[in-house]
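Each structure below appears as structure tokens.
The two complexes that follow have subunit A in common; it is paired with subunit B in the first and with subunit C in the second.
The block that comes next holds the complex of A and B.
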């Protein structure tokens, strides 16, 4: 799984491109524009781009963009 | 008067009879004396439904994947005439509008709208729905009350709601009645399986939006009994919202 591609997919879930630079250390819920719909969109993005299922319990346990990357990667490898 | 609610002597087709509202409907119809034709994809699950029904030898079972045109055709060929049809089969998939995929949109519209409409049309063409019959489509309050991520599903049920009214008008000559039931969330595997990406905690939180709590499949099945029975013989083209008061807010 490629980091830059993942970051592009991640940025796409927001209504507007976040003004701050998004890195692996960025805290999800601190990003301007974060909402429950963004959460749903992350779940849909993981499904469509990577074919993995995550639910909002998974999501709640995740703090940073990097942790989301790791979770999706882990689930991709399990498949 | 109470006898009007019995379904004795009536033969009823139930789709999606392998689980949830469809299964409970089949069980309830059998209790009321109907002979039921059960359809669904999974034969084992249909047999399980049958094992829960009264008067087992009066019912019949047709395992068919309706997405497969030959299975659809063979179902139509093999079922007998009916006095009622209850369309319970359907799928849900949560997708924010930015993430709707063409294939999933197509599949949701196909299974929730096109198949029930085409099945009804074909039954009519083959004269397999008797005069004074009753057709019921299970819709959803998501056709009226939107929630994030449910565009495809809500749109498919809205389309179904429209179809109900056209059917109702055109079939009135045969005194065949056509109605929809729009339930709120009922406790079925549909929501329990978590294929919606929704956690149990979120579900519990959502249930608080329902003054009477979430419903059960029986709550919906009881309304189906009413719409199939002669007690509702002057009701057609209607859409009954059953949602424990959700839409009051």
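The block that comes next holds the complex of A and C.
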């Protein structure tokens, strides 16, 4: 799984592109424009782009963008 | 028993008078970007039941409308099922009250069915079973919900989504939409993903407390709580499987289906399901802009409107799918 492509996919889940630079260390819930609806978009993105299922429990356990990347990668490898 | 086939004969629905528009929601929550949320959930307004107006009141109105609109002789009805999660009383059963209020024969069977978004399809399954077994000939299935009364005044998310409504459907051994094979499912481990915790037997007393989750969403155990991400991921996982199972049980392929009428949860969820199931968007019916998510009434309301819009013709095969609170899901194929 490629990091830059993942970051592009991640940024697209926001209705308005975040003005701040998004890195692997960015804390999800600190991003301006974060809402529970964005959480749904992440679940949809993981499913559509990577074919992996993320649920509410997974999402709750994730703090940073990098942790989301790791989780998706782990789930992709398990498949 | 007249034959082995069971049909939907007629549908009518009732909406309570009060309309809450997105502008109204925006006035209550100035920080709420109502337009943006509306664009995502696809709802412009919803109806709210009046103070003192219960689900059974709305169900009564829907049933009276059915009798008038479709010239139905109420003395033909020999079974009444009310699907609701907001009954008038702990006991007696609201359907019993409705039997009397609607002036139905005393030889009428009556009970309530406690399900939400999957409830209409479950009601069809029970009605088909009753008719098939010769227990009843004409089943009146009423779906009615007043979730607005379960909402916390500060809960803008659920206020945006849910609307109150009731629908009345007559199921008989003759009619237009033949009720074919069902697929039902349950995952009770997710019971707390959509819940009103207090007020019933487990926790009788109100607590009058509120907290917030990590997303800042309000949690009020006396009121309706929905874990949006939990419901969304459940739906994405199980509804595609439900459709697949329905096609197998009905010996059909996706291309045979002329119209998909799903529980109208919200537009965002439905659009994601369309993508995942790879449904031709032209064959997917939406009806939630003016009414919102009316829980167990979304499917009969959408069926009524799809028929009115000319989307259902003789020979049409229609998939119905309901999913949500329970967690519970149910689907069926109708053949017109």
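Keep in mind that, in the parts below, the second predicted complex is superposed on the first by the 79 of 79 C-alpha atoms of A that agree within 3 Å, B and C clash if a C-alpha of one lies under 4 Å from a C-alpha of the other, contacts with A are read in each partner's own complex, and residues count from 1 in each chain.
Going forward, a residue touches a chain if its C-beta (ideal position, glycine included) is under 8 Å from a C-beta of that chain, and two chains touch if they have at least 3 such contacts.
Keep in mind it's a predicted model, so treat the numbers as computed, not measured.
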A:36 in the overlay: touching subunit B, subunit C, both, or neither? Say first, second, both or neither. both
Quick check on the superposed pair: does A:27 touch subunit B, subunit C, both, or neither? Answer first, second, both or neither. neither
Who does A:45 touch here: subunit B (first), subunit C (second), both, or neither? first
Could you look at A:54 and tell me whether it touches subunit B, subunit C, both or neither (first, second, both, neither)? both
Check subunit A for residues that touch subunit B in one structure and subunit C in the other, and list them. 36-37, 40, 43-44, 47-48, 53-57, 60
Quick check on the complex: what are the subunit C residues that touch subunit A? 36-37, 40, 157, 193, 214-215, 217, 227-230, 232-234, 236-237, 268-269, 272, 275-276
Interface residues, subunit A side, partner subunit C - complex: 15, 29, 34-37, 39-40, 43-44, 47-48, 53-57, 59-60
Mind listing the subunit A positions that touch subunit B in their complex? 12-13, 36-37, 40-41, 43-45, 47-48, 53-57, 60
Contacts from subunit B onto subunit A in the complex sit at residues 94-96, 98-99, 101, 148-149, 194-195, 197-202
